[in-house]
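Next, two complexes with chain A in common: one pairs it with chain B, the other with chain C.
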Partner chain A sequence: MAERRNAGGAGQGGFRQAQAWLHTWCGLWFSWLLFAVFFTGTLAVFEEPISHWMTPEHHAQEQAQAAACASGQRGGDLGQRLAWGLAYMEKHHPGAEMWELWPSDAEGAGDLRVYWFDEKRQYASAELDSATGQPLDKDQSHGAVRATKGGHHFVDFHYRLHAGQAGLWVVGIAGMAMLVALLSGVITHRRIFKDFFTFRARKGQRSWLDAHNAVAVLTLPFQIMIAYTGIAISASTLMPAGIAVYFGTGSQGLRDYVVALNESDRPAPSGRSMAVPQLEPFVQRAQALMGQPVRAVVVDNPGDAAARIGVYGWNSEEEMQQRLNPTTGMVMFSAATAEVLRLRQPGEVDGGDASMAKSVIGSLHQVEFGGQALKWLYFLCGLAGSAMMASGAILFMVKRRGKHLGRQAGEFGSATARVYRLVEGLNVAAIAGLGLACIGYLWANRLVPVGLSHRASWELAVFFGLWSLALLHALVRAPAAAWREQLGLLAALCLLLPLLNWITVGDSLPAQIARGDWESAGVELSAMAMGLLAAWAWRYLRRRSARSQSPVSAGKMEVGA
Partner chain B sequence: MTPFFLRFVGSSVLSRLLAAVLGGYLLASALAVFLATVLSEPRAEAVLAGMLWSFPVYLLAVIWAFSPVSSGRVWLGLLLPSVVLAGASAWLAGGA
Partner chain C sequence: MNVLQASWLAFALSFAGMAALAFAMERHHEQLTAAMEISAARALLLRAVGAGLLAAAVMPCVQAWGWSVGVVAWLGWLSAGALLVVALISIAARGAAAAACILAAAAAIMAAVWSA
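Then we have the complex of A and B:
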């Protein structure tokens, strides 16, 4: 296969051969970025446990809340919470075009939060004390609680690289390239079912090819699904032609499109003023109509006679075991007449089939259904996808080591040796180096001083800083040494994470398990599992380099590294 | 062997790459607009459906652009349907 691939060019040879060329080059040039997107996206499945681990100051508070809830102390009741929220909005944000109250969790306990659109049409929020209704000072905990982006860093990085709209485009293009690589890979590959069961260990290039095929083929439906849904979620940014033609360009066009899609019945302000009525009766009626406890109450045009009150429900975990579409129940009332304008049962969508498809696509990508078991399945499939990209990138080099390097002109002309060197370095930095950046981010969470200003940005700086250092190191050191050293460090940082936590915060893995804090324990155990994997790879490379230095087995270098 | 950059241009990789990336995107956009025009659902729904279908078409266009056909035919095969779809959309939207 290697020979066939290298012989072809763009659109050269037979169809399969041409696709092999496309697979090799499209796969190679995007593999590093895709690996980073995929690996961080895999971690993003467990955004919440990671955030939990990264905010140890909140653990006591969460436990106190759970205990208070269990003993029946849950702050104000629903009517009280709604009244407090309304009073806060009337006093502080009377001119906002939208108020949104999140009175409690599904059990009627938990936090009381309010949201609104500020002057710049940005979402703004405040938290009120659920026992007194007084606004909580956002900065009251400054200096006591570590500021962090937590697990959301991985979410944001995996879909827009912390670079806003530009990052979204880069990731979108990479996602499209992934689909191209997947489809051209399938076309290239004759024996798709046989390779399910094929793995030839310790055969150098063969093993890498088998591994690449096995992880890709076994999880192929997942890989196609996750790439397509990832692109489709951002469709209105990435493929705006239809919106531009029928709703106009720019943010105004997008806004009009979203209104037409979800809220074609949105009333215009009448200009006559009318105070927002007490919300509890609306909420009680809505809960009965949709059969779900209240999650959010949205007031459009508050203070106007044309005000509208939307009540949204909470999905229960059992419900999300039953269906793919995560939309909750919703009841829309006219504030003036209290008449029901619209009723949406849980699992229905406001629009038609396309809206339903969009909703399910979002749920499929973000695994909003199926509970904990499915999250683990996504995590494993995500790791398999990362392994597919990593093994593909490594395979590219393994094939070429020792083959062209000695000749004058390879596939990149006189630059061949330099390009191969660059690819080797990028492989190390993109795979082992990204691992270092991720685990380093968790280390930074424990080591950056708690009171530091812009602390959350410092954690990010450690992530990107470590990654850059890893790239530098990979370009300076010989590839085999760079692999060994970065994998060794990665293993150490992963395996020592529980120790770091114990030393800096005083929380140990046995203590987490004893008190049933499986979110924290899960993060540390998963990190240790990754550490063991890195340690195994490190040991394997060390042994092989020791072997290859002895004169007898030097010939094996060619197939290995 | 010719230097890399000569081979790159000579084998029309650049032409194919541009056809795949830009021509494919144009075709996908034209299809999105066409579906937004002809589907009987409310306009916003039809626009959404068009967007969701456009990505598989983009994918197939890229795959085809790198298949063993001459790059001239690739360009023609991507631009012609784009123009037809866009023209049909304009005609249908104008007539409606």
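Then we have the complex of A and C:
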């Protein structure tokens, strides 16, 4: 990092210098994408609270449900819900090869949903009224409710950029680059122990390097873990050779693999017809066997004598405080004989130790365990990782600013000044601009009209539109001005979010706290904390630019922009 | 011991432990005492205390979360403690040292009360 020689190419100098070269360039070219992936991934830790904030129409419903649940009214008991689901499927989808019923939440309340594979083997779903068992019209159930992707936008963006398989590959390669940058960074960092606790403020380039080192080194276990598990989750896509050799390529190969892994004992249809029996007795037995309330009931080969009934459980929060592996309990029954075909206790996996490792790797990445404390630790470490990438990208320019500009032969030949200008612009757009896009997404949730068609996509359009505008702005304006203006706007949007919510929906921060709605309050308080940080950076840059207007210090521009 | 109590304990212990390790180093010892050199005995003592506190921080984590989740939580709290130590030392080294002493003492009392 600090010791990089300007003339050093990959092959020149010693091992450490080669690593420094690798760290600088691998880090720089991936830093913008990685910052976006990391920051949105950090927000994705709180996917559910963000979704909750973004669907204010559900708040009253959720409260009514909680009250009804407390007073014992649940809108149809378990047996009734299962019967309704079964009746719906028998009437509307008798030919489907699989039926799946989600009768209720873990408390026996909540929505009643059904899923099936349609003719094209696509997963299809319907929601039934939990009080009457009648199918709910999709528009009817969402009529007055704003359509939104909610917090899931951040989840989807951070692992595949809303671009499906192609996006997954791009993020996967960036994840590899992050591992390369982490390891080469550790090798390059000569004073990793001597500078372990060192941060020297207001020293220009020194401060940026100290900050970059501190956030990275002090959270290194997390950074390596999150990059590695992030890649490993997508192993079947990123390393397809194993599956391709044994099961063939393409989606059929993948399907065969999944069947061989989980469904090797799946019964073949017998051809003799038999109505699906009432499900409640199966569910009651399964709940007793696995010790969990029912989450889903899956009927394979419905209507056939070889039908199989699988019952899956809900993990309770208390269980997941102490368990890394999030698999739930599962019991498989033969529909004809009611005999137990397979029993999996909560926390066990099908497929042995390798499956267990895969499951735990996924859980480690998505922090499905340990409750709120672990979520906040992940959030903190995720912010530190984002800060590592941002400070690295800024450091690259701080080192070069004023050094090479104006000289004939910089490190990019005659294009040096233009490349530096591009890097400056990308820094502003990737860091401040992404912040604008994220908070703009929340603003769009309140400002885009509720009845608009494709409304959820409009929210996304605001996210990407604001980000593109930020890039344009960063390339047009001088870097220092671009930083100031984008940080200023970011601070304003973050700090005004509670006001926006109060004006548009009538829900205020004090009211949220008063009714104990910490999910909504948490979103707004966190946005305000980010706003304060942005405001501090904005004020700092404004003061410095005022100072540098005076002729004495004009040549001493050091930090930031 | 509930999760909130364990979180406080783990955080207090890892903050105090990281601070002790930091002040065992010449640079940060000088920020604290203005003495250019730190005696070998004092450095060793601070390192031993720091390592001990960090190791002790694993105990509330394991109590609240069990071993598999507890160790993950412990690593997280170590990072959190270290980040705050760096921030505080750069702002006010003496304040950081005082905070470390107070938190270590408080942790000892809390541990005694909560596990009783």
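Here, the second predicted complex is superposed on the first by the 548 of 561 C-alpha atoms of A that agree within 3 Å, B and C clash if a C-alpha of one lies under 4 Å from a C-alpha of the other, contacts with A are read in each partner's own complex, and residues count from 1 in each chain.
As a convention for this text, a contact is a pair of C-beta atoms (placed from the backbone, for glycine too) under 8 Å apart; a residue touches a chain by one contact, two chains touch by 3 or more.
Predicted, not measured: the structure shown is a model, and the values here were computed from it.
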Of the two partner chains, chain B (first) and chain C (second), which one does A:R323 touch, if any: first, second, both, or neither?
second
Looking at A:L364 after the superposition, I want to know if it touches chain B, chain C, both of them or none. Which is it: first, second, both, neither?
second
Is A:L460 contacted by the first partner chain B, the second partner chain C, both or neither?
neither
Classify the contacts of A:A232 with the two partner chains as first (chain B alone), second (chain C alone), both, or neither.
first
Quick one: is A:A307 in contact with chain B, with chain C, with both, or with neither? Answer first, second, both or neither.
neither
With the two structures laid over each other on chain A, which partner does A:A147 touch: chain B (first), chain C (second), both, or neither?
neither
When both partners are placed on the shared chain, which of chain B and chain C touches more of chain A
B
Let me test your reading of the model: by the given contact rule, A:S184 touches which partner, first (chain B), second (chain C), both or neither?
first
Report for A:A384: first if it touches chain B alone, second if chain C alone, otherwise both or neither.
second
Share the list of chain A residues that count as touching for chain B in one structure and for chain C in the other.
none
Spell out the residues on chain C that touch chain A in their complex, using ranges where they run on.
3-4, 6-7, 18, 21-22, 25, 27-28, 64-66, 68-69, 72-73, 75-77, 79-80, 82-83, 85-87, 89-91
State the interface residues of chain A toward chain B in the complex, per the touch definition above.
9-15, 17-19, 21-22, 176, 179-180, 183-184, 187, 228, 231-232, 235-236, 239, 241-243, 245-247, 257, 260-261, 264, 351-355, 357-358, 361, 409, 411-415
Chain C contact footprint on chain A (complex, rising order)
194, 196-201, 214-215, 218-219, 221-222, 321-324, 364, 369-374, 377-378, 380-381, 384
Give the list of chain B residues in touch with chain A in this complex.
1-5, 7, 11-13, 16-17, 28-30, 32-33, 35-36, 41-52, 54-56, 58-59, 62-63, 65-71, 74, 89, 93
